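To keep things simple, chains are lettered A, B and C as they appear, and every chain counts its residues starting from 1.
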Amino acid sequence: MSTLVFLEHHGNELLKPSLGVLSKAASLGDEDVAGVVIGSDVRALADEAGKFGAARVHVADDPRLEAPLAQPRVDVLAQLVRDNGYDTVLFANSVLAADVAAGLAARLDAGLNWDLTDVVRDDGRLVGKRPALQDSIYVDVGWTSEPRLALFRQGSFDPTATGGSAEVEDVNVQLEEFSTSARMVEQAHEESEGPSIEDAEVVVAGGRGLGGPENFTLVEQLAKALGGAVGATRAVVDAGWYPYSTQVGQTGKTVAPKLYIACGISGAIQHKVGMQASGVIVAINKDPNAPIFEFSDLGVVGDVHEVVPKLTELVNQRKGS
Amino acid sequence: MKPADFPPSFRAADYVAPPTDPEAERIEVGVLIVGAGPAGLACAIRLGQLLEDAPEIRERLGEVPVAVLEKGKQPGSHLVSGAVVNPRALRRLFKGRARIEDMPFYGPVHDESVYMLTAKRAIRIPAPPTMKNDGNFVASLSQLGRWLGERAEEGGAIFLPETAAEKLLVDGGRVRGVRTGDKGRGRNDEELGNFEPGADIVARVTVLAEGTQGHLTGVALDRFGLGGENPQVWALAVKEVWRVAKPLRRVIHTMGWPLRPQAKYREFGGSFIYPMGDDMVTLGMVVGLDYRVAELSVHDLLQELKTHPLVRKLLAGGERVAWGAKTIPEGGFLSLPRRLHAPGLLLCGDGAGMVNVPALKGIHYAIESGSLAAEAAFAALRRGETPWRPGALAAYDDAVRQSFIWRDLREVRNMRQAFGRGFWMGGALAGAMTATKGRFPPGDRRTELDAEQEILRTDRARSYPTPDGSLTFDKLSSVFASGNRTRDDQPNHIVIRRDVPREVAELWTRMCPAQVYEVAGDGVAVTPSNCVQCGAITAKGGRLTPPEGGSGPEYTLT
Amino acid sequence: MKIAVCVKHVPEGVKRIDASSKRLDRSGEGALNAFDANAVEEALRLKEAAGGGEVVLVSLGPAKAQDALRKALAMGADRAVLISDDAVAGSDLVATSYALAKALERENADLVLFGQQAGDSDGAVLWAAVADRLRRPMVSQAAELTHGDGKLTVKRQTEFGYDVIETPLPAVVAVSDAINEPRYPSLKGIMGAKSKPQETLSLADLAVEADRVGTDGSRTEVYALNAPPSRGESRKIDDDGNAAQQIVDFLAEKRLV
């Protein structure tokens, strides 16, 4: 098995989810795990990749690759796979990576399994783990031909620094005409303050257990301390305590942050389907029988009005120290 | 104290109006059918058949000879029933065109059992004659509705799904059609970016086939003074569909537990458990809404029923795949409207109360009445007369009176009321009535409105099981299973008094299977988007009006 | 401008995976994928802004997908093409994108629009594969679209903020659900939908080779269905005044603070 990992970067840094996939690929025991960095003026990033398990890093460095657009990247990857015979290409999901992976699948007539949370080697074959139907079922998926393409959920793997170094190889970039006809006019113009609820790594959400709209400040302060976004249940949005744009659940947003803190939320299924894919779920509720405790990693039976402010204080202290 | 002491600010007259759209913008159809249930679809199918042989009349009816308005996403979306269907009306409707074997049935009833339940035991009792189901077929009414919808469409009917019939258009004493509800309004009734106003649909004949608690049917009964001798009363049914490990080979009905026999509680009802092929079972609990107990919850009684050894065994290793709730008109013969027609208007099916309670049947009456309505409308159109002339549609009433609908309902006319005297006494009286074909005991008993029943507070809820998420379920996860994903920010469609005493607030909270109501500080709080439009609130002192078209459950198996 | 909108018929209600085929059970009722309504809406707006053109729906699915198409026609699309063929069942991304691209080649639209994702498979990748097969420029996650001077300006949302991208036509664009609020079909639209052209094509009609679709044409497979792994050790504690500290310790252990 020879594996290539697509290494995405932003602001002169390789993204953690990509490095996580790289570490995972290295841990599968392959001798030849390679990474590819595509962009303009990105050669320096190749060294970083070596530390996380890449034996070889292809660098496609070209001004035409500066903007994070998918199609030219498909050209580069297709060429690499063809020239080097990689049988597996792995991606960490993102707006960009999903488009690259799917474009590459079409270009190479290669199988793509997406939304995977893990991959294992089972009796010589590669098996992907894909949660389906709102994570109520896990599907084992595979590939019937090579190359095999896989797109992993963000946060599936933690990057592990092994301290190695990679051999760097330049790619002779050749691009298709249609791949370069879309043009970036303005890039990554941030308009909102703080992460949006769908992109946030941490979501702190409040429910009716808060007792009143004024107590949402407790939730807001904790979210701020954790660098996260604020969510709300339908009940409190219905009651006019908080805006609809923050509603998490069946008829609101679906979120999957690394950490979800539910404050005074009972956990009805209408809410659960909007947040159950979260990495770690912490619930604070004074009703010991609240359904939320059935799918929380840490459940605290207690009064949100006491626990949440203390928690905010402790998090702030920790940050300060 | 009783719910009727707190009447909602609902005036039927507010839902009657002349057409307001400029003439050029009105949508003109020949016959407008409101509701794609068994009655409305049978009406559309029958009209299609009749018009097929009468192209000149079809021509005269314009571009859209038959239109069917449906508030759900499609025919069947809002249909819930047992159901064991008497195929009689379907045979007549599809004579020479389709056989029972072509219809989506789960096979004929081969065997049936009736049990009297106690908390631990099930005592098999002989089936009352009215409950015999030989020759009947098990169906999901939602699926049957979809099939009938396809047949109606083949016959040329145009469907207008996701469209609520909000107002009855009446002009010069004649029904002109309906006005449909607006779409895209916000919580405070404001127009949202995608606002789509309702429209006037005008027709030569309007057929109201809205089913139980029909909004415009209620308005029409009021407008034309068509109310029956007795007021209408209802039962609430909550059912589930289970995928099961072992096939059930018979139809089961139960009486008794978890309902209480004492007359003062007025807990009249029972359960049904039907096989749906080899791998599914449907079961439901039906309780008359003339009950008095504030804590009574039909949903929770169904959950309790499933903990009975008899039922638990049937569901072992299974999984719940669907849930639904709906009211059933139970007033019977004496609550039928005085007339089933008004100028330009016909009333059919459950909306008109055509249900035989002791036989637990209504679908074949709905289908038959829909077919008869089609024939009466067609006859009036064929004669070339104006169908909105008073009496022009009277042939429909005559036809219903000569049909098995009338005969059947008349025979059992006093049976439902007998149960007001308590279960055992009611059972005995019902037996006597059956034996004498309704002649004994003599005299027509009056009934009271469901909302006129005094509220008793007991500790009824103590026995309800705590939902475990595998055998027993809470209301919210059940609403989820109904496929309901109503837009949260639409105007409230439930008309009730909010400032009611705790007894009433608690009664509504427990009654509603969809957790729409909650006891709040000094009254009741409402979450309208949970509503599955069962209609119980209308029976118990409030008023359900149609929400934005397309809202509500998305039933597929019920 | 001619706009093709790719729409999908997805199962309604509680979804389940059929244990024997290991595929999503599509035997029940279905409806228009909700995310596709945004694409239809955007196509109609572009057509209205241009003062003319055609909006054609292209779908791959069972015969009953015609119902889902009817709804989009009621919104205002001009006609619909459904590729329906038993051989398509079980197609993965590679196979689906191949068949869909064939149908789109036949339409040769100036713009191909997709919705943000399919409500049944959570798949959010099809457009990129189709664009590659059509060899056309592609932009996804479009939150705003403007058309002028023969090119499209697309504002798209990524993890890092908003990008603005310009692309010449013909192009493939996937819109996000933030781009618009889809209209309700008017009654006249619903009534008119039935008489709009609805074409059903087989694979043979599109000259799609049978071994390029279905299981034969797919490059992925499903081995097994499993229950979700337990969330790991779940802890429940009573607040004795020290719960906040315990939460922080827990988060530290998980490296979340």
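The rule we apply is simple: a residue touches a chain if its C-beta (ideal position, glycine included) is under 8 Å from a C-beta of that chain, and two chains touch if they have at least 3 such contacts.
For clarity, every value in this text was computed on a predicted model and none was experimentally measured.
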Taking each chain's centre as the mean of its CA atoms, which one is farthest from the centre of chain A? B
Need the central chain here, defined by C-alpha centroid distance to the all-chain C-alpha centroid. C
Could you work out how far the Cα centre of chain A sits from that of chain B, in whole Å? 48
Please report how many Å separate the Cα centroid of chain A from that of chain C, as a whole number. 21
Whole-Å gap between the CA centroids of chain B and chain C: 37
Could you list the positions in chain C whose residues touch two or more of the other chains? 16
Provide the list of chain B residues touching at least two other chains, using ranges where the numbers run on. none
Touching two or more other chains, which residues of chain A qualify? none
Could you list, by residue number, the parts of chain A that touch chain C in their complex? 10, 67-71, 74, 94-96, 98-107, 109-115, 127, 131-133, 135-145, 151, 158, 176, 178-179, 181-191, 199, 202, 226, 258-259, 280-282, 284, 288, 293, 295-303, 306-308, 310-311, 313-315, 318-319
Residues of chain B touching chain A in the complex: 466, 469, 474, 476-477, 479-480, 485-489, 525, 527, 529
Complex contacts: residues of chain A adjacent to chain B: 234-235, 237-239, 244, 247, 250-252, 268-270, 273, 289, 291, 294
Using the touch rule from the top, collect the residues of chain B that touch chain C in their complex. 27, 64, 67, 73-74, 76, 146, 158-163, 180, 183-184, 192-194, 196, 199, 201, 321-322, 481, 483, 554, 556-557
Would you tell me which residues of chain C are touching chain B in their complex? 12-14, 16, 28-29, 31, 67, 181-188, 190-191, 194
